[in-house]
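The following pair of complexes shares a single chain, chain A, combined with chain B in the former and chain C in the latter.
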Partner chain A sequence: MSRRAAIQCTRIAIAIIGVGLLEALCRSGIINERTMIPPSEMAGAMIGLLASGEITGDIARTFSTVALAFVIAVALGFATGAVLHEFRRARRAADPLLASYYAVPVFVFYPLLVALFGLNILPLVAIGVLAAAPAMTIGTLTGFDRVPRVLRKVARAHRLGAARTLFLVVLPAAMPGLLGGLKLALAYAFIGVIAGEFILSSGGLGYGIAFAYDSFDNRGMYGRMLFVLLVAIVANGILAAWETRLLHRRTRA
Partner chain B sequence: MSEPAARLQGVTRVYPGAPPIHALGPLDLDLAAGEFFAVVGPSGCGKSTLLDVLAGLGAPSAGTVSVEGRKVRGVVPDGVGIVFQEDSSFSWLSVRDNVAFGLRRAGVGAAEIVRRVDYAIGFMGLTEFAHAYPAQLSGGMRQRVCIARTLVTQPRLILLDEPFGALDQQTRLLMGDELLRLWRETGAAVLLITHALDEAAMLADRVGVMSARPGRFIDVVTTAWPRERDSRIVADPAFGVVTARLWSSLRAESLRAMNRT
Partner chain C sequence: MIGTRTLDALVVGVVLLVVWEALFAWAGAVAITPPLATFRYAIGLLGSGFFWSNAAATMEAFAAALAIAAVGGVALGIALGLRRFASDVAEPILASLYTIPKVTLYPVMLLVFGLGISAKVAFGVIHGIVPITLTTLAAVKAIPPVYVRAARAMRLTPWQTAVRVLAPAALPEIVGGLRIGFSITLLGVLIGEMFASQRGLGFLILNGIGSHNVPMTTAVTLLVIVFAVAANGALLMLDRR
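Our next item is the complex of A and B:
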């Protein structure tokens, strides 16, 4: 078995043991059923919710919001990172702000965003963008910083213009940093949107979880939570697999 | 008389700042077509600056640079290939795609690309590794990929900035042989920047010895080696004479550069 496969097996084994332990604790009554239902029941509840179509609207609403926030955050974060990388003074001014950005709870701006955009999807998109864009900016800066200067010289030696240098040399060379930024931006977009729905929204998976919680509907709450968790894991897994595939060639010796 | 492959006239390079750093010149050089010219000098004397200015990667503060009679103005001239000291292979491309990079950008036809890339890969002894990625190769092989990438563009002037700087002595000698073979095969003029006196003495028709900063030529040594030569020339008694002369020209300048730092 290869080292990578062994790590994967260990990871899966830890997850199975963790879930099994939780199942045993719930079934034995050590964890009160009003606090948490067993994972097998969570899975059953999730399948039931999906099969009944009860959460189809919420899924569409939440994921379209996350997707929109993610796309805008990636574009905005990348553009900001690229500009900051080009202008040293702006970079020096922005670095401390970026470093301390995640100390700011962006959710405090929700009322302001509602006042600006109205009670619709846009404040949630804005929260998602505010949460995710700086991660993409930092990823872009990290990626661009790591492009060896000699590669830009090679581009000039081949008489490439600015656009071709960017697409053929700089972006591929910066890809490890950019992928890191993409992964974090997706995670933060998820967190921003679902937490935003949780706080103040009339629909979406976050709202559904909060509503089930307020209604003492444990099955509904944990079913939705499990679904969100699985989607986040799968989405991140796809990005991680893409990253591994791309970086594998660059690092294997 | 035929046009020189490259000509520098009164070239200086001053880096702005407080105080400004006078890195190079004034310096004159005529590099004949098909000539192998090496440049040696103490650390920080402006050797790489000289290459940048000649390649059009950096503008001279004064003086003129021309390649094949055409003035160089901030763009690498057509027919010039550059190999850098650092590993400049593209880690995300296979050896074959690395070598084909310049040709694809220049819009060369697919069949011609295959022909030239096959030749260059074979010439540099990389056929077995055509589909490998740089991370799978040794430092010497990666540098051969970079040389092949330059070779396929069929340059008439090849500029090499300490291309073997990171390699061990044996590999350097063998790479030197490959470089001589490449030079003979292409008929291109070569300008090699190196800090290794033996490398310069072994490879070049003429060796320019630069002073400590600001770099000027304080001596130009003609080696008078036959065109058909290889690394076995290091056993020739004349090789010791050439190397000794280079060192006698360079010793005082190296001490001057060391004392400055």
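Our next item is the complex of A and C:
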């Protein structure tokens, strides 16, 4: 068995043992049924919710909000990063802001955003953008910084225009940094939107979880929770696999 | 004469204040209070016992959560980082734990720990421990193997190796990890207070919304930001040394 296969198997074994242990603890009554339902029932509840179409509307609402926030955050973050990279002085002035940005619990702005935009989808999009855009800016700066100077010289030697230099030389060379930014931006947008729905909202998956908690509906709560966690893990896994392949190709080249 | 750096910092500060003032002009007093009024209100808050009892509730939960996350995360990071296989297995698991929206788990914390400070602490810990573990793990993995071999040659016990060799060698990255862990733990505690709590700064912010006390929400938000940025600045300075 190769080393990679061994690592994969161990990881799967850990997951199976963890879920099995939880199942046993719940079934034996060591974990109270009112505290947590067994994982098999969580999965059953999730499938039931999906099949009955009960959460289809919530899913559509949450994911369209996340998608909108992600797209805006990436565009805004990338543009800011690209501009800051060009202007040294602006960048030096913005550096302390970027360094301490994630120290501010961005979430404290959410109630203000609700007051600004009203209780609809806009404050959720805004909090997603606020959480995700700086990660993209930082990723863009990291990516652009790592473009070897010789590549820019090559572009100049070939007399490429600004647009072609950007698309044919700079962007591909900056890809690892950009991808890191994208990965974080997606995760942060998702976290921001779900957290917003959870605290103060009138719909969406996060709201559904909070609502189920408030009405002692454990099956509904754990079913939705499992769904959100699975989506986050799968999305992150896909991006991570893409990143690994890209880096792999780069080191071979 | 002031240097260009100071000038730039001043410009950034002024721009932020202008944006704030513009938000006020756009949204009005039902949503946000303007800078000057907020500063005045915040100073008034700082003189009141009411504010400090809530701040103390937050700080108590935050200090406990940060202590557990820091000690647990560093210990776990060192233990995993020393074993190549274990760290290869654990790293992607931890990375995906880092990206899941942990808010959704808050009801579980409440059901397990009950309403009260322990749920807030636990929630802060699950936020903060993962990034601290990940950075420590990466830092320990990057330690030149010759250090570990030297420790073995000197027949240090595992504990001595960790304290005398590994921790000093990985210290800069660990401080960086603690800086991230600090802010994420604070975020966790505040979100916990916003969702289900009767005391604390997160509760004050959300309560201000519920009772249309806009000056309160804006001022407490400002104070939380000032605290977070000041602490982050102090840790950054420590990081650079």
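Just so it is clear, the second predicted complex is superposed on the first by the 249 of 253 C-alpha atoms of A that agree within 3 Å, B and C clash if a C-alpha of one lies under 4 Å from a C-alpha of the other, contacts with A are read in each partner's own complex, and residues count from 1 in each chain.
In the analysis below, contacts are C-beta pairs under 8 Å (C-beta built on N, C-alpha and C of every residue); 3 or more make two chains touch, one makes a residue touch a chain.
Remember, predicted model here, so these are calculated numbers, not experimental data.
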Simultaneous placement of chain C and chain B on chain A, clash or fit: fit
Which of chain B and chain C A:105 touches, first, second, both or neither: second
Touching partner for A:210 - first (chain B), second (chain C), both, neither: second
First, second, both or neither for A:114, with chain B first and chain C second: second
Superposed arrangement, angle subtended at the Cα centre of chain A by chain B and chain C, nearest 10 degrees: 100
Partner chain in contact with A:245 - chain B first, chain C second, else both or neither: neither
Touching partner for A:200 - first (chain B), second (chain C), both, neither: second
Chain B versus chain C as contact partner of A:190, first or second or both or neither: second
Chain B or chain C, by number of chain A residues touched: C
First, second, both or neither for A:88, with chain B first and chain C second: neither
Least C-alpha distance (whole Å) that remains between chain C and chain B when both complexes are overlaid: 16
Interfacial residue positions of chain B with respect to chain A in the complex: 55, 57, 75-76, 78, 80-82, 84, 86-88, 90-92, 101-102, 105-106, 133-136, 153
Chain C residues within the chain A interface of the complex: 4-5, 8-9, 11-12, 23, 27, 30-32, 85, 88-89, 92-93, 95-96, 98-108, 110-112, 179-180, 182-183, 186-187, 190-191, 194-195, 202, 205-206, 208-209, 214, 217-218, 221, 224-225, 228-229, 231-233, 236
In the complex with chain C, residue positions of chain A that touch it: 6-7, 10-11, 14, 34-36, 89, 92-94, 96-97, 99-100, 102-109, 111-112, 114-116, 183, 187, 190-191, 194-195, 198-200, 206, 209-210, 213, 221, 224-225, 228-229, 232-233, 236-237, 240
Of chain A, residues touching chain B in the complex: 148, 150-151, 153-154, 156-160, 164, 168-169, 172-173, 175, 246, 249-253
